[in-house]
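What follows is a pair of complexes built around chain A, which joins chain B in one and chain C in the other.
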Partner chain A sequence: MGKLYVSRRSLLKGSAAAGVAIAAPTIFTSRAWASDFTNKPTGSSVTLGFNVPQSGVYADEGADQLRALQLAVEHLNGEGDGGMMNTFSSKALKGNGILGKKVEFVTGDTQTKTDAARASARSMIEKDGAIMITGGSSSGPAVAVQALCQEAGVIFMAGLTHANDTTGKDRRRNGFRHFFNSYMSGAALAPVLKNAYGADRKAYYLTADYNWGYTTEQAISQATEGVGWETVNKVLTPLGAGDFSSYIAPVLKSGADVLVLVHYGGDMVNSLTNAVQFGLRDAQANGKNFEIVVPLYSRLMAKGAGDNVKGIFGSTNWHWSLPDDGSKAFTKSFGTKYGFPPSQAAHTVYCQAILYADAVERSGSFHPCGVVEALEDFKFDGLGNGPTLYRADDHQCFKDVLVVRGKEKPESEFDLLEIVEKTPAKQVTYPHDHPQFAGGELGTCNAGTA
Partner chain B sequence: MDVIILQVLNGLDKGSAYALIALGLTLIFGTLGVVNFAHGALFMLGAFCAVTLNRFLTLSHQVVDPSRTDFLGNPLKVEVRYIEEWLGPEIGGAIIDWSVPLSILLAIPVMALIGLAMERGLIKHFYKRPHADQILVTFGLAIVLQQIVKYFYGANPIATPAPEAFTGSFDFGVLLGFEPFSIIYPYWRLVYFCFAIVIIAAVFAFLRFTTFGMVVRAGMADRETVGLLGINIGRRFTVMFAIAAIVAGLAGVMYTPIVAPNYNMGMNFLVLSFVVVVVGGMGSLPGAVAAGFLLGILESFASMSAVIDLVPGINQVIIYLVAIIVLLVRPRGLMGRKGVMED
Partner chain C sequence: MLGLSRKDTTLLLIVLALVVLAPFLLNPFPEDSELARFNAGYPDLMQRFVIFGIFAMGFNILFGLTGYLSFGHAAFLGVGSYAGVWMMKLLTVNVVPAIIASVAVAGVFSLLIGYICLRRSGIYFSILTLAFAQMSFALAYSVLTPITAGETGLQLSLNDPRILGSSAVDGTIPATNFFGIAMRDGFEWAVGGWKFTFNFGYYLCAVIMLIAFYISIRIFRSPFGAMLRAVKSNQQRMNYTGINPKPYTLAAFVISGMYAGLAGGLMVAVDPLAGADRMFWTASGEVVLMTILGGAGTLVGPLLGAGVIKYFENIFSRLNEADLNQMFSGLPDGLQSAMVTVAQMFVGDGWLLTLGVMFMAVVIFLPGGIVEGGQRVAGWFRRKSGTEKSGKAAPAASAAE
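And now, the complex of A and B:
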């Protein structure tokens, strides 16, 4: 006689299966973009969160980002001269906010620290109802905030973050990067360095001790070794060390004839100044002139370091003196409002804000999964970098990379860098599973909970 | 050999700053018995005396130059400095160039006033309180001072260059018979070291060879007896606090060309200077100076890549490691006296 016997264990199994079955439809509806998502704007306005360093070693960059983002908000709301919205290839934005909702913003201070950046992003999402987070000037916080935005179900439009990890091993479906990365710097710089300094060079690396430093050191050393250079030594230095003299002093004795300073912002200003004070630029090594290379350059750093940057090679994402219409429009708009030209940090976050708003308009909804879909494999032009692709595989923008050099005879206080070469996007493109980017998964888009 | 000389030299400038700050700390501790956590802030305020004078000297107004254009194509507005306008570009330019050494003249009265105000206004009320209370109140004061500076000057480092004459570097290697470029040392760091030696010598001479110094030393040894002799030792100790503030301030002024100052610079030095004081021995002036230079040089050696390869991360912990060992072997520090902070 068959007897229906239900054990406690099989009951549990059964209810778990039932639970999955009940939950399944929600998964499908969220794929189909359910009407509920984190911080869905309900009133007549929409809030964006600007998470930038307002203190710490990258505070200069953060201040400039905030200026550019305020300008982007004005342009989105139809105030001012419209800036790069006029030159942008997509014409979805109408200058009436985003989907007719007035753009408002809140700001947070990342302090260039991972925990502070996460705390301020969380506060903007939970307390202020920010639907998108952008800004930031360091890869440590960028990776952390990107993961947070993924969990919370909002879009993260990364600011100035150059480490491969942001769109490499730490990539996320909800996160996008307009800025270029360490690999691209290496690929663009190596041929230029070979032409300028020859193939027989010995390089010494001083590297900032966090994820950006590691990936940049790896990218530059691999690329330069590819053109025949030798890597003599790699030394990690603490972020914000202030005085780098004890790291600089042994360089000349090491047998190296090139010093690569993998430092950014205030750290780069200090380490380069120390290097010049210790006579590295006047020195001879291995019968050649000793040279210094700064992989990631910005005008703000060049300003801080003064005369010390003259003749030094580096790469940059954008420069205000570019002759295309987008760059000219942005420089004019920014320069008229603030009295000086924008930095690359300002440019990238301005682009990110415009690209986000445009993606919302094109998808017709603030739903993060719709925005993700609109941005993936999106091709655009007119934002200062020429034709650009937002690759779907890793959410990295592919565009030309600028190799620059500190100008010997600046014509004004802003005219500090000269563009040596514009490396075409094709030359810096790599497969998304390239070893320097391996181990990451975008995962699925998260719209969060209402 | 040349590598060792290089690192010793390199440790001297940092060691000078540690020694100067630690000297002031010990002076205050030895006389007033106060653990002054605001001492790093005094170093920072000194540095901002230099920044302020530099700002003041470079005050300017805009003149439109129609023959040139700016980056937007508008007529260029040129900044004209008042001092160059009044005194001519040569004298005016030279004064601006020498603004850091000139700041010493500003820093001495300013730091003395700040020191007096701090001691009379706040710290005086905490003499009889436990050390924990003193640490809390002075640490709080340091944070307040930092935030005031941050409010007026922003959070970014402010580049304050040394005079043109000292911008280069000196090739010690050639002097000692090594290859060229083997031992390079910037001129200003040499100036800083010499300056520190002069200040330290002046403080020691003041304490040893003046009547005022003698009374202070007597007061440090036995405050009660000196008081019974009818000497107002409290007033003299207040003056010593002001002197300690001046020493820290001058250390800050001269340090500005080495590392661009920001509001937070004092905190980095404060923690290390306390380690210096503890290693040197609480209340011992020669101990503080010796330990300052010793730890500066050790830190410099630990940053050598050969050493880092051997023990990764040693550059960040060496000072604390040495402090632990010294305290285990000599619990009163290198030159500490019996009975200090042991009641």
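And now, the complex of A and C:
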């Protein structure tokens, strides 16, 4: 009638180091192997936890992620048109749930805060028995929840998180990232920028004053310096500043001829609007046209900034206008259900849900360590990004990166970005111990309570 | 018992019983029933109940007794958390040094802030504390990123030195523990349709909460507590009689800062991550709400207020449209959708609306908070049975000054 839940680790430690530490009394350890891992599904269904921002600055993206995840659940359970499951290169999924168990889900609100994200993930794991957590639209919560999932012994399939740290210094064995990262943005953007604007450019950075801002600024500046650009100045701006005029004003007098806005979401909308209002786009500096660059683009941001994004370069993980079968299938089934095309945030979590389910099918068990093994060095195709590798060394996906530009003549409110170049995966690949990613260790997989 | 009056002893025993039996009391509904979603008996939330109880209790020592409304208490909670995580990074994942360091660092920090802020009273004091807290938040969020890990939150890593323990066990970060008993472990008991969870981390927090509660009772009943009440009722008169209130208010401020640090330390003891968000001004506002909602200046009020707010935040905020449709499925179609539409405003991300309405109702009709409500109900029963109501005045809950 009673059941002890003790993590396997502490048992191993307890028995191995009984003489050193005061080990857990034997009464606590006697029935430790009742089940294999945290939240092992026992009934006819399996519960996934969708932890997305439902309030706060990224609420729009969270809502889009939730739509995509609901769609993924439908497809996994064999409802709807199957979406990207039909184009996915692995055919392990049969449309009868995962391992024959019907997929159910619970949702939580990250509020884009580390504490809130962790609290809602914990309650999904402890109360609702979620076996996998996915979603999220910011790197802070992603890193926090990834660490939590490692401790609890469930799988974390990161949502939209672009900072290097997620698969860099904060990487974890139980966590996986499908989304691209700051380094890849830099590596993809730099050659395109060089072709468009020349090698002799002076860049000025306005950087959001938090973790993602730092890693992205570093990645972009190192990459552009690699093609001959010079960095004039780097200025940190507070998150959610609202008005960036005071930061924009000194840019023209600084001698720079490119402004890089390392901002995301509402901040990017505001800073770009300010910059355009200050006439930066029509200005001349050093005898050249003044240019603006936005490292990480999303359709939702482009929509917010309106006409101001026209002609501005940036990078993105995926765009619904891609012509491959996977993208078309996904856009079609998302559009049929909701009436508009999906965003990159929606795409990445949809892929993550399918990838997780597929890994469970292939490994034949929900055991997190089996899932980790199945995902490591897994090569796949047909999910909209071309051939993709889930690298074992850091659990980062390597795939083509899109360089996009704000469209001059948009045909609809969703048709705001045009794809300039598809940078091949080879060009954005880096060694897993690259300085920008150094200091992290995956550790070993944790299956949690025994 | 323990130097307490009979009444206080009873109160302590009631709180003891509530805390020990919480896994049963908070899980009243069987696992597979419709109402199971209202169960709150899972480790994370139970830990939150007692930890925020400690936080509010400490805040109440300052606000409830002296009337000084600090609007920056979350800063001490955050500082305590960071100190705790650093202890676990540098020394050992045993939670004892972490908790001690949290209290000590928060104490020193509150001494510094209190010394400056207590030069003013009333609204100026509130604004000063708010300013300091926001400064701390901004520092933690960006400037001090090397120490606080900024937005990501400070967490343990495999490369930490942990000179008294081990950096890694089998390639995994060791679990936070109390002399070998891991905080996240526990005992589950399934009986009938119910499943009760007894989590070691929760019981550690609960024991510490009971000790903190006992100390709080002793402070309330001591001559020192009487001095603090005197500050609240008329500080000028104290000055005229030749008593300098500053040392008393500063002591109260530091004690309450240490309570906040203790809460911060426990938070990282059960979940080793310290995020800057917990120092944000909304977190400071939350503890004010908890205290007023429960009953400022009362002993159990803050505990009740913390429980109510955390319950709403974690349970109501997670109800969605599908849940509501299920709950009202017995009603006729038109009525069902109408009920769902109305109810939807109050659950999910609308939980703050529910809280706001409740808070207004409490402040308008029960200025003494939930505790006053309880006293009124008890009063009716006593009047019915013919005995005199005890002469204890309803605790004043008017805002500071």
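Going forward, the second predicted complex is superposed on the first by the 414 of 450 C-alpha atoms of A that agree within 3 Å, B and C clash if a C-alpha of one lies under 4 Å from a C-alpha of the other, contacts with A are read in each partner's own complex, and residues count from 1 in each chain.
Assume a residue touches a chain if its C-beta (ideal position, glycine included) is under 8 Å from a C-beta of that chain, and two chains touch if they have at least 3 such contacts.
The structure presented is a predicted model; accordingly, all values stated were derived computationally and were not measured.
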Report the partner of chain A that touches more of its residues: chain B or chain C. C
Is A:Asn211 contacted by the first partner chain B, the second partner chain C, both or neither? second
Should A:Thr429 be classified as contacting the first partner (chain B), the second (chain C), both, or neither? neither
With the two structures laid over each other on chain A, which partner does A:Asn77 touch: chain B (first), chain C (second), both, or neither? neither
Just chain B (first), just chain C (second), both, or neither: which does A:Pro250 touch? first
Between chain B (first) and chain C (second), which, if any, makes contact with A:Gln222: first, second, both or neither? neither
Report for A:Ser55: first if it touches chain B alone, second if chain C alone, otherwise both or neither. both
Which of the two partners, first being chain B and second being chain C, lies in contact with A:Asn86: first, second, both, or neither? neither
Would you mind listing the overlap between the chain B footprint and the chain C footprint on chain A? 54-55, 236, 238
Per the touch rule, the chain B residues reaching chain A in their complex are 2-3, 6-7, 10-11, 13-14, 70-72, 76, 150, 154-157, 159, 161, 167-169, 171, 180-182, 184-186, 188-189, 258-260, 265, 268, 299-300, 303-305, 308, 315-316
Taking the touch rule as given, give the residues of chain A at its contact with chain B in the complex, in rising order. 54-56, 59-60, 233, 235-236, 238, 242-243, 245-247, 249-250, 252-254, 266, 269-270, 273, 277-279, 283-285, 304, 306, 320-321, 331-332, 335-336, 340-341, 412, 414-415
If we count contacts the way the header does, which residues on chain C are in touch with chain A in the complex? 39, 42-45, 48, 138, 141-142, 145, 149-153, 155-159, 168-175, 177, 179-182, 184-191, 197, 271-273, 275-278, 314, 317-318, 320, 348-349
Help me check something: in the complex, which residues belonging to chain A touch chain C? 1-7, 9-10, 12-14, 21-24, 28, 54-55, 106-109, 113-116, 118-120, 122-123, 126-127, 138-140, 143-144, 147-148, 150-152, 163, 165, 169-170, 173, 209-212, 214, 236, 238-239, 439-441, 443-444, 446, 449
